[in-house]
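Next up: some structures, all given as structure tokens.
In the two assemblies presented below, chain A is common to both, partnered first by chain B and then by chain C.
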Partner chain A sequence: MRRLAAGTIGLALVVTGCGSSQETPQATGGGDAASAECQPYAAYGKHPNTKVTIYSPIRDKEADLFQENWKTFSECTGIKITYEGTGEFEAQIQVRVDGGNPPDLAFFPQPGLLARFAKAGKLKPAPPEVEKLTDEGWSPDWKKYGTVDGTFYAAPLGASVKSFVWYSPKMFQENGWQIPKTWNELMTLSDTIAAKGIKPWCAGIESGDATGWPATDWIEDVILRDLGPDGYDQWVEHKIPFNDPKVQAAVDKVGAILKNDKYVNGGYGPVKSIASTAFQEGGVPITEGKCAMHRQASFYANFWPEGTKVAEDGDVFAFYLPGNDTSSKPVLGAGEFVAAFTDRPEVKAMQQYLATADHANGRMKLGTYVSANKGVDLAGAQNPIDKLSMEILRDPQTVFRFDGSDLMPAAVGAGTFWKGMTAWINGKDTKTVLDDIEKSWPKS
Partner chain B sequence: MGLEFDFGAEQPKLVMLLLGVVAFLAVVGVMLLLLDRAPMRSRSRLHAAILLAPALTLLTIGLVVPAVRTTLLSFMSGDSKTFVGLDNYVWMFSQPEALLTLRNTLLWVVLVPLLVTGIGLVYAVLVDRSRFEALAKSLVFMPMAISFVGAGIIWKFVYAYRPEDADQIGLLNQIVVWLGGEPRQWLQEPPLNNLFLIFVLVWIQAGFATVVLSAAIKGIPAEIVEAARLDGAGALQMFFRVTLPSIRPAVIVVLVTQAIGTLKLFDIVRTMTNGNFDTSVIAVDMYNNAFRFGETGKGAALAVFLFVLVAPIVWYQTRLRRRVQ
Partner chain C sequence: MTHASPTTSAAARVRARLSTRAASLVALLIAVLWTTPTFGLLLSSFRPKDEIKSTGWWTFFADPNLTLENYQEVLFGTSSSSGRLASFLINSIVITIPSVLLPLALASFAAYGLAWLNFRGRDWIYIGIFALQIVPLQMALVPLLSFFSEGVSVAGIQLLPAWELGDTGRFAQVWFAHTCFALPFAVFLLHNFMAELPHELMEAARVDGATHGQIIRRVVLPLVAPALATFAIFQFLWVWNDLLVGLIFAGGTAESAPMTVRLAQMAGTRGDEWQRLTSGAFVSVIIPLVVFLSMQRYFVRGLLAGGIKG
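Entry: the complex of A and B
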């Protein structure tokens, strides 16, 4: 969930409560716009004087780009699209649905939340065309997150890759450091850097009432590597207890980095300073030469100080957080899913359009965007990180898993897991923290 | 885009607004009609009932019903579907995390009223009738004008930490460094961090106590003060034998309001630590459980407990007021 919030709360640290919602009705199209331009949309049919409402956690500039992108679709098909972005999607979508006022379509950033509505019988199963597009465009891992109890509900929309380590190509080149290909190489490199008198890692997990989430991403990445994708799924579904020795070992493996005073917290002080450093500032010391590596998702590209060039030959870039060996590529990520509360023909048409590679390609042309759709043209990527993300996502070796805290019950995934990791960074031992999280898992 | 107001799109809201206004007028109309029709003889009782009806109805909808519902919810599971008996209360008094929250709340509710009243009282006595009284009082009163969230952010900066070799941005750590010490992460060192948070509320509220108590001190009849002086009372004797007994009601009012305010304290903790690092208090835990974790039952149980704690203080205060009158 935090992936989306990150984009919007990035600059506004002090934003509390009260999400602004914007509503922009699209220009009405009569369905008779220039025929050449409308050629690609002929298959969706004509739906004059119809309206589709979309409710979504995506706001501001990103939302504007979405709307700009589907303008032609709207004009050609005659469907008027009303888009509403909100900062409090998780709470408000429940209110809208309970109040008998659901939107036609919603962009869900948490498969867990999507499943709750599906199980309550509020969602319409995806039309066959959408399922076909999903089978063609996305890996089965992705389709699984839009499927509840064997019924397919929602096609993926955007995506982000979380298994990235940011670094300074210049610093690496000057010191002759190589990009590590395995976890062991990563640790050896950390020692090499530490021996040079530079703290190899920097991190920040302060994020208002979501403080702790970047640390949970770390843990998820390591659990995915050490327990394997199946073990990861079992852990997320609570078939493996939270205080299992295997989980404990994984957390300690992260602790070998994050709770190691020789390794952290470059530019900010001792281990404990991680808990009070804003996640937006976590990697900034890399640009000052005070820290060598920072593990954070692809969207961190937006948080570098102005004038920082993000490229393989620039000031900062990212490498894939290596697996235990080179044979497989576990990737932690996140994304949104388009689910429908109604099944009118125009809603189905819109749903179908959003699942196409054409939509993703068009959206990418307008601004930074990552899609896991294999049909997307990589040449259209806005920046090298977007391109690298998409390459990783479509690599056949890649095993993709969704951010676990978005799949767990909120009491854990947005509660005790975040708080527990914050306490852990602040000095609590692994076992106590994991026991507490285990106890907080809802019984029903 | 932002300035356009599309009446067509806002239509449902406008209709609702109109309905609301019409309903309000209708209720007032019916009330007036009933008042007019009511038989003259039993006028006072019946009229009182008619006039009180809307207020009582709103009070029922807005206070009584939610209170009952919250109490019921506190015996239910997180999703409010199954009855779990006293589980939520057992959780509250057995889990180490929850116990810590209760301990912190106790710490707050004992320390804040005492410190606020104590500091306010001493300050009021010290500046009383001095040359700079007005200035001194406005200075200590000024933080009252700052919201809790604003104060939280300000003090977060005061306590901010930077490593030893960097420039300090926090006032407290800068002072420590000037004195030759090492900068510390004040908000991350339990249990001391609770005191740093408590100090923020004392900083805000001391002005309130000063102003109220100062007014009370000024209300002490001059004859009493003069008589005590003539009898040769010293400064300390004056304070404990004359001033304090004379302003006792005002002191109690300050203590009680501070105690209630502190029990429901939320903003400062949420802004500064969000309950991390062993600093949570009941109201923060209640909010998190009920609205963020989907644990409505636990949140409701905490709310009920908070109500139980506040109720006797409110009762005491009302009784006190009645006696004073």
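Entry: the complex of A and C
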């Protein structure tokens, strides 16, 4: 019992002692400390003994790099930054906001989720400085996703390009294959490769609870091409029903590749093996010469086996998934948006810093990173694929659209759409699948 | 209970049948089948990263290739978030020990009071506590979180202030939450044991002039030790393995997050570092395993005591 009593007293001590618990400030903002280094951060002012909490789905190595990058900012301004990355961001952020314990800033990977908090009045509108930086750095396509009901809330942070097809430059060169410029050329190339006895495509859509998402990206890419950006927006907003004949035609167009036993699944087996292959491993057969092409986002660069050189003259590289013709360049992508739940001066300063090209440049120097900010110095890109991604993102011809499943209601975008596509790969016909998804769209 | 003899003979028959050689063989087979995945995971945790990702653990036998790299990485990884399980292990211990002892202490007092003190409404209070067990933990998360971060206010009047805890102070939140969630079951379990103790013991102690405090310490607690141990083990395993409460009340920073939270983040933003989970799982299982093996005796006794009583 004595032990128990001691435990209880310990608790009491901790509880009462917390008010006075010390948080060592990183630096009290002394002017003499490395003033040259702090020069670029002078505009953000001094905020000694303040703290900003950040909540984000980015974790592990990438999170380390973010933290390393804003260390100088933190030391110069005196703002202590507490970063928390979680794999359960979507569910947790809701619990924390409902429980009255929101972070100061959150990196939202889904504009749809951001809009929900904005409509509930939980988010603070972005300060004018952040809006100015966004207008300067990003295209209106991007700004639109941080804007809800006419109010601008969140500046974009990182980005990834999803409209990429990975291939082996060596294999292409040896066989004299050309990188296709239109969808028709892509299909002709597929036939040429298939005639050589190599399966032209490989894919994998297994991803635990999220199995099916890589297939939804395929569909989105084709809808963006066939229905055009406006049609795509209408489809995402459910103004065009999910089982509309036009959508059905687009899905069948993907089916001509993914459900064609002559084309897939290089290195793994028949069509159905797509559903059981992990998305991280989907493109690996390219390095073994068993498959020629793999459609996946720019971040797939991290998944190649160790020692694979990612470059235009290396082992693997990616080309832009072509449009129907060369006149327009629709690009599907994703990214994070920095939204604020509080509006203390130090939070605004941090938000402003994150929206600058300086932040993106610094982050890029430390490791692979893509930003759609036009002010970013392309020479600083870590690898050729990051560079290509940024070139595509800032190309004035580019029409950027966000990954649709992140914009749809979660019941569809993170539920029936994934499941439907998995069933579709497993042999269900297009119409039944689309009818099922249409039925599951929340009515409100 | 009137048909006591046929039931005993039926039980005896079942028992006889279960102790034949064939039954033992079946049990052994089930045990092997049951353990195979765990064994595979253990073997995987010693294989090099590239092999874990490309081939199954059984290929080890054809091409043995062992490494401690995975353990090195998850325990002492150099980057601030890859691995470093060692420091999260400390957090887990700091969270778990008070979260076991606090409900144990409070529940022993409560159970004694409900079992041996006569006061009006005693049974209703007991039924109320018993009924609280059916409230799912998830329902209490958001109210409890706002209790910590905003305090309690009714009609605009602040009754309790917000806790305003720093990073490490979050431990207190987790202790508080775990204690709350454990109490109904703890009180129920200990009450059942304490109520079974013979009246004569209490009366004899009372005659000898013992106060309630002395009765609890000298008579009741030693007698219900198996029940205390049973609850302690249950609670320990529950708290150690808990992700939800830890994630919400301790947060995900290195100052206060338990190991389960770290394990959940360890596979990387896109799940491409999942090979770390093999060794991470075994690091996290070591301490519960030690606790279970060293207290197994009490555990079995506690279960049996419960079984015979009913």
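In the analysis below, the second predicted complex is superposed on the first by the 412 of 444 C-alpha atoms of A that agree within 3 Å, B and C clash if a C-alpha of one lies under 4 Å from a C-alpha of the other, contacts with A are read in each partner's own complex, and residues count from 1 in each chain.
Definition applied: a contact is a pair of C-beta atoms (placed from the backbone, for glycine too) under 8 Å apart; a residue touches a chain by one contact, two chains touch by 3 or more.
In this text, all values refer to a predicted model and were calculated from it rather than measured experimentally.
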Checklist entry - Should A:F303 be classified as contacting the first partner (chain B), the second (chain C), both, or neither? => result second
Item to check | First (chain B), second (chain C), both or neither touched by A:P409 | outcome: first
Next on the checklist: In the overlaid three-chain picture, which partner chain does A:E84 touch, first (chain B) or second (chain C), both, or neither?
Outcome noted: second
Item to check | chain B versus chain C as contact partner of A:D149, first or second or both or neither | outcome: neither
Checklist entry - Touch check for A:V95: first (chain B), second (chain C), both, or neither? => result second
Checklist entry - After superposition on the shared chain, which partner residues are touched by A:G208: those of chain B (first), chain C (second), both, or neither? => result both
Next on the checklist: Let me test your reading of the model: by the given contact rule, A:D230 touches which partner, first (chain B), second (chain C), both or neither?
Outcome noted: neither
Next on the checklist: For the three-chain arrangement built by superposition, which of chain B and chain C touches the greater number of chain A residues?
Outcome noted: C
Item to check | chain B versus chain C as contact partner of A:A63, first or second or both or neither | outcome: second
Checklist outcome for this item: Both chain B and chain C touch chain A at residues 14, 23, 208
Checklist entry - Which residues of chain B touch chain A in the complex? => result 1-2, 6, 9, 77-79, 81-82, 95-97, 149, 153, 161-164, 185, 187-188, 270, 274-278, 288-289, 291-295
Item to check | Contact set on chain A toward chain B in their complex | outcome: 14, 16, 22-25, 91, 208-209, 211-212, 267-270, 272-273, 275-276, 409-411, 414-416, 419, 422-423, 426, 436, 439, 442-444
Checklist entry - Which of the residues in chain A end up touching chain C in this complex? => result 1, 3-5, 7-8, 10-11, 14-15, 18-19, 21, 23, 57-64, 67, 82-88, 92, 95-96, 98-101, 207-208, 280-281, 299, 302-303, 305-306
Item to check | chain A contact footprint on chain C (complex, rising order) | outcome: 50, 53-54, 79-82, 97-98, 101-102, 104-105, 141-146, 148-150, 163-169, 171-172, 175, 216-217, 221, 247-248, 251-253, 261, 264-273
